[in-house]
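Listed below are the structures to be examined.
Shared between the two complexes below is chain A, which has chain B as its partner in the first and chain C in the second.
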Partner chain A sequence: MSDKKPRLLKINILRFDPHDPDDFPHMETFEIQEAYGMTLYIVLNAIREHHDNSLMFDFVCRAGICGSCSMLVNGRPTLACRTLTSKLDENITLAPLPLFKLIKDLSIYSGEWMRYLNEHLETWIHDKESELNVDKIEERMDPDLADEIYELDRCIECGCCVAGCGTIQMRPKFTGAVGLNKIARYHLDPRDKRSDEEYYELIGNEDGVFGCMTLLGCEDVCPKDLPLQSKIAYLRRMMIKTGLK
Partner chain B sequence: MKKNKIDKTPAKLDFTQSLTGLILAIFIMGHLIFEASILISNELMYKVTIMFEGYYFFGETYPGIVSFLAGFIFVIFIIHAAIALRKFPDNYRQHKVMKEHIIRMKHEDTSLWIVQLTTGFIMFFIGSVHLYMMMAEPSDIGPYASSYRVVSEHMWPLYFLLLFSVVTHAFIGLYRLALKWGFMEGKSTKTSRKRFKFLMKFLIVVYLLLGIFTLAKYIYIGNTHDFSDGVKYKSETIIMENH
Partner chain C sequence: MNIIYTDVLVIGGGLAGLRVATGVKERGHDVVVLTLVPPKRSHSAAAQGGMQASLANSKMGEGDNEDVHFSDTIKGSDWGADQEVARMFTHCAPKAIRELAHWGVPWSRVKRGDRTAIINAQKVTITEKDEAHGLITARDFGGTKKWRTCYTSDGTGHSMLYAMDNKAHEDKVEIHERLEAMSLIHENGRCCGAIARNLMSGELVAYVSKATTIATGGYGRIYSVSTNAIICQGMGQAIALETGVATLGNMEAIQFHPTAIVPVGILTTEGCRGDGGLLLDKDGYRFMPDYEPEKKELASRDVVSRRMTEHIRKGKGVKSRYGDHLWLDITILGREHIEKNLREVKEICENFLGIDPAVDWIPVRPTQHYSMGGIRTKYTGESQTLKGLYSCGEAACWDLHGFNRLGGNSVSETVVSGMLVAEYISDFCDSQESSINIHSSTIEKFLKIQEDKITALLTKENGEDAYVLRRRMEEIMMDKVGIFRNGDDLKDAVDELEELLKRSKNIEVFRSKSRAANPALVNAYRTQKMIKIALTVAYGALLRTESRGAHSREDYPSRDDANWLKRTITSWENEEQTLPTVNYEDIDISKMELPPGFRGYGKDLTKHNTDTHTRQIIVDAVTDKLKKEGASRMEIQNALMPFIDKLPKKYQGINERLGENV
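Now for the complex of A and B:
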């Protein structure tokens, strides 16, 4: 720890309550004294405790696992709980993630969006359930493949890749990296029996993988460092293979 | 399970956009190098010109070959433009939201999209002008004829703009192509991407410098050469009857 006087952080927050007909989007600034090892999660709690208890924001795990506290920090989507104030300037601007339904202030309803995505892309193992024999010993999987699938399963649906995507800003029907990553995960999985054509129907169009303009905002803002660029490229190759058959 | 027939067109469009872009980028890399032969000597540039007119294959020059090549590139160019048009914003709302996103994110690869969009749009027009001229007047290429066109026919502003547009568009495009398809990805995509980005910037600088020097040389010749006895270059070593 240094002996220097702690900084006074100026936290500018975009506030708006869409349910209050008299409210309009406006910026509000709070001053918080920085502490050692402070994260934005701590800052937001301090604001709510000492300045304004009506400030709304989401958090559950405060350890980058639940994906609730995603927000725009100085314009870039990230998780508040994993952002150290020491890495930022004294002036910090916070805003809710765009594209998702706003609940109030920094709180968004990403669950609805993600649920639609998962239902639409059917992100679960597809097997012939009627022929499934539960007494049969499960087939072995190559450890490297298991690792690769596990790596993609680390997605926490925080929505940062969606907010960081240029394409989806223009065309909100675009699937986004979160959905493409999930499709890549099931496409890799030998237990999923969907055919190439069935996968193609899900993402072989301009709302799917062919809509991606490779701006790579997703890859660069993903708090879990998922290999999104590489997996979207993988899907593109697979879908072209099916499409040019 | 569903048995619908899949629509393969989006896959074909995506693939064609990449393929035509790749062909055009490779073409332009060669084009700018061949044209830069003027930096070495007028004679070399002349030899390059007659090479493309088929002299070294047929013993005579046929400017029609250049017309044909320009026509072929024009077709590829039009296909690429038509397909890439899908990525343009459809309306003002899309344009505005993307602009705000770019300003907010301060993310290089996203910002480069504006460069692609702008240079692509510019080339709809000036690329077409250039390609049509090459198709229509293929015999007006040469150390003196080209210089005359650049200076006396006021083509230099168009060529400057075209140079900047085509070089940035081509190399940003190649960078994106590599990442889009996972070309030479290696174990760490972070490392390979960094290398590709460096290569992109390096090649943009190299090709811009090469292009600027080349154009400067044509402008110099166009301003200093005496065109009173025609614009055709007379080679000291290669004598042609009808040229």
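Now for the complex of A and C:
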């Protein structure tokens, strides 16, 4: 909380409205006076309210947990809501997350992409045998295992790992770290009865775990610090073993 | 005209909405979910600390059951809740959590043997039983007699929502994302669907359905500082209100959470205090024991928020450029505990405050958090006045929470009410009375109204700026309809909001004229609706001349059961009205299982109703007699206030617990 004169931030935003036939992608710059504790959430709302009310962006929780506001901040995929301006230079460049369908300006349609991923990988518990009786005491689970599953369950589908992935630039159908992490999560979960062979069918190919070039941009940019590197390595070993069976 | 037909339309893709959708789908009905954002981004994900269900697995939950959970909930509500609904809820909460465990939620589990916990600032050793090992564990939360709040670290809502959305994927539930319900289609007291706007293309679509469910959460964003996600703007309540037929209940019942960070208002979970965290003032002094010697930091939320405000008013707050605040100290819990069980809190502290909560105190103050009020429904979730309209979760007032909700009862309510309402809707859809007969010209009429409204907003000249009106509304709510309320301020608030409402009819969308993705247009029409919702809150608060739960009147400090044991029912029959119509619904003491009493906080100022004593005598007599006859607790409960028959058959079963009913 210093008494220094507040900085004047120059916010450069890549803008484009696909619904406007006359529009084309272009940069626009807005000047905002910095305030104590300012985040990009505050900056973008101030621009919309006081400079240009047509500026599109997505925030929901504004607390770093819902994954809506991922964008490129100075070229790096991250959650805008929890990015403090004090940690950035006064020239800030914002662009929509690449690879996802653009709605307008900084707003992207990541929901559609994630929905396809979840449906394709069937990211739910597969258990045909056990019939649930809601009156009965629940199935037991090892406490440490429950914690381990939660660790991987923390993914917020923000898409940063997809935007930071080198492989997906060349293989548009690549599952990406978000999907591989989900497979690791369900594979760890004893409630999911899928066999190794069934998992192999899903990711034992070049669009799955064998496509990864191990550049690991995903791990660098994951806002939740998920152990993506070790999980991808683990899945790969497991899939090789299954493939050789 | 784009018309989509379905059996069940669900507006809102959070926990409650998704649970309704999977439930009706399982019963063989077509369903479409409309949602502003991808379901996994809903505000349900923000629930951190946990879900109440009386499993009684952990040592500190021993002896817990539906009766204790029921009694905590009714006391917490300051006797405003519907006791039958609370019974249905507490009976089904264990079932809902077991269902979620089956669907993949990695609930934190009991570990056998000794562990260290912090209770009342002391290190204590808790020894967990061998036979509980691996069952779902629980933590302490405010206003509860037992440790009952089940959790996954402090990302409970996230894990529940992901499991629920994945279940919806598995069941092939149709979900239409980035669609906003603009109005309900209704005719002759029958709801037949909704007009929705595609937020990407701007297209208006009519959804025609036998049953329509609103599960859009609360209306916290009518306040300038709220822990709520920015989409919690009360649009579900507003479109119900605008039918002129559906009613809203207890809109003035607004909860302030004691510990949101300053200044941004992001929540730090009640689990912080449940796990042993303390509230400190500017001198580092732990003040809560002075006010509430028994429950201290773990009194009910409304009580803690008021005590904090009182303490700040005594000059004990920490000065900051964003106003006074207090400290939340969780350093006492140790780094290991924080990094395992309070990791979202840790991330929030790091990212938004630049502090490490294992070392530094967290600046907090009470902040708007929850809407106890909402669309008034029967216990089936159906509107009392508009047939075919259902609502559940935070959006509704079936009245589980009365005038104050217990921490951990909200995510629990989302899934419990979702699973119950799904059954009632399915029964309705299975019956002849669900068939609708609606003329296409009626649908066109409702579509045209929305079309015209949007055109008016985009073409008006010399109109009002929606942002200016909205910011003023938020300030009024914060300053005059807050934690402590009084007649003068509330009167000012209502008068000025009424003025804002009149001005809002003249809103103009400046510059940004696109009919497609256009945030200025969205802000314009939502502001018009938000001001109406704000008026229902402020006006209800002005008229209620008593203090009950979170509604605290400085000029009427007593809970007045003689005159105010009733629900506020708000409607808006005529578009030309500038104030809502307010009526009241009596809460019948003669049917209560737990007649009104003292909550146990501060001094007892209650003005009792004469029926209370009469009912208490009957309750005591019945209980004594049956106990002597050796009746079970369920038999006694059933004699006092039968509810089981109201539940869907599949959820009537008795819950197993360790050592009980097994």
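The rule is simple: the second predicted complex is superposed on the first by the 235 of 245 C-alpha atoms of A that agree within 3 Å, B and C clash if a C-alpha of one lies under 4 Å from a C-alpha of the other, contacts with A are read in each partner's own complex, and residues count from 1 in each chain.
Basically, a contact is a pair of C-beta atoms (placed from the backbone, for glycine too) under 8 Å apart; a residue touches a chain by one contact, two chains touch by 3 or more.
None of these values were measured; they are calculated from a predicted model.
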First, second, both or neither for A:36, with chain B first and chain C second: second
Touching partner for A:201 - first (chain B), second (chain C), both, neither: first
Partner touching more residues of chain A, whether chain B or chain C: C
First (chain B), second (chain C), both or neither touched by A:8: neither
First, second, both or neither for A:66, with chain B first and chain C second: second
Touching partner for A:27 - first (chain B), second (chain C), both, neither: neither
Contacts of A:240 with chain B and chain C, given as first, second, both or neither: first
Chain A residues contacted in one complex by chain B, in the other by chain C: none
Residues of chain B defined as touching chain A within the complex: 1-2, 4, 6-8, 10-15, 86-87, 89, 94, 97-98, 101-107, 109-110, 112-113, 176, 179-182, 185, 189, 193
Of chain A, residues touching chain B in the complex: 72, 75-76, 98, 164, 166, 169-171, 194-195, 197-198, 200-201, 204-206, 210, 212-217, 219-220, 227, 229-230, 233-234, 236-237, 239-240, 242-245
In the complex, chain A residues that touch chain C: 1, 17, 19-20, 36-37, 39, 48-49, 52-56, 58-68, 82, 84, 103-104, 107, 109-112, 114-115, 118-119, 122-125, 127, 130, 132, 134-144, 146-147, 149-150, 153-154, 156-157, 189, 191-192
Touching residues on chain C, where the partner in the complex is chain A: 37-38, 40-43, 45-46, 55, 94-99, 101-104, 106-111, 133-137, 152-153, 155, 158-159, 162, 165-167, 169-170, 175, 177-178, 200-202, 229-231, 263-264, 266-267, 321, 340, 344, 347-348, 351-354, 467, 509-512, 514, 516-520, 523, 651, 653-658, 662
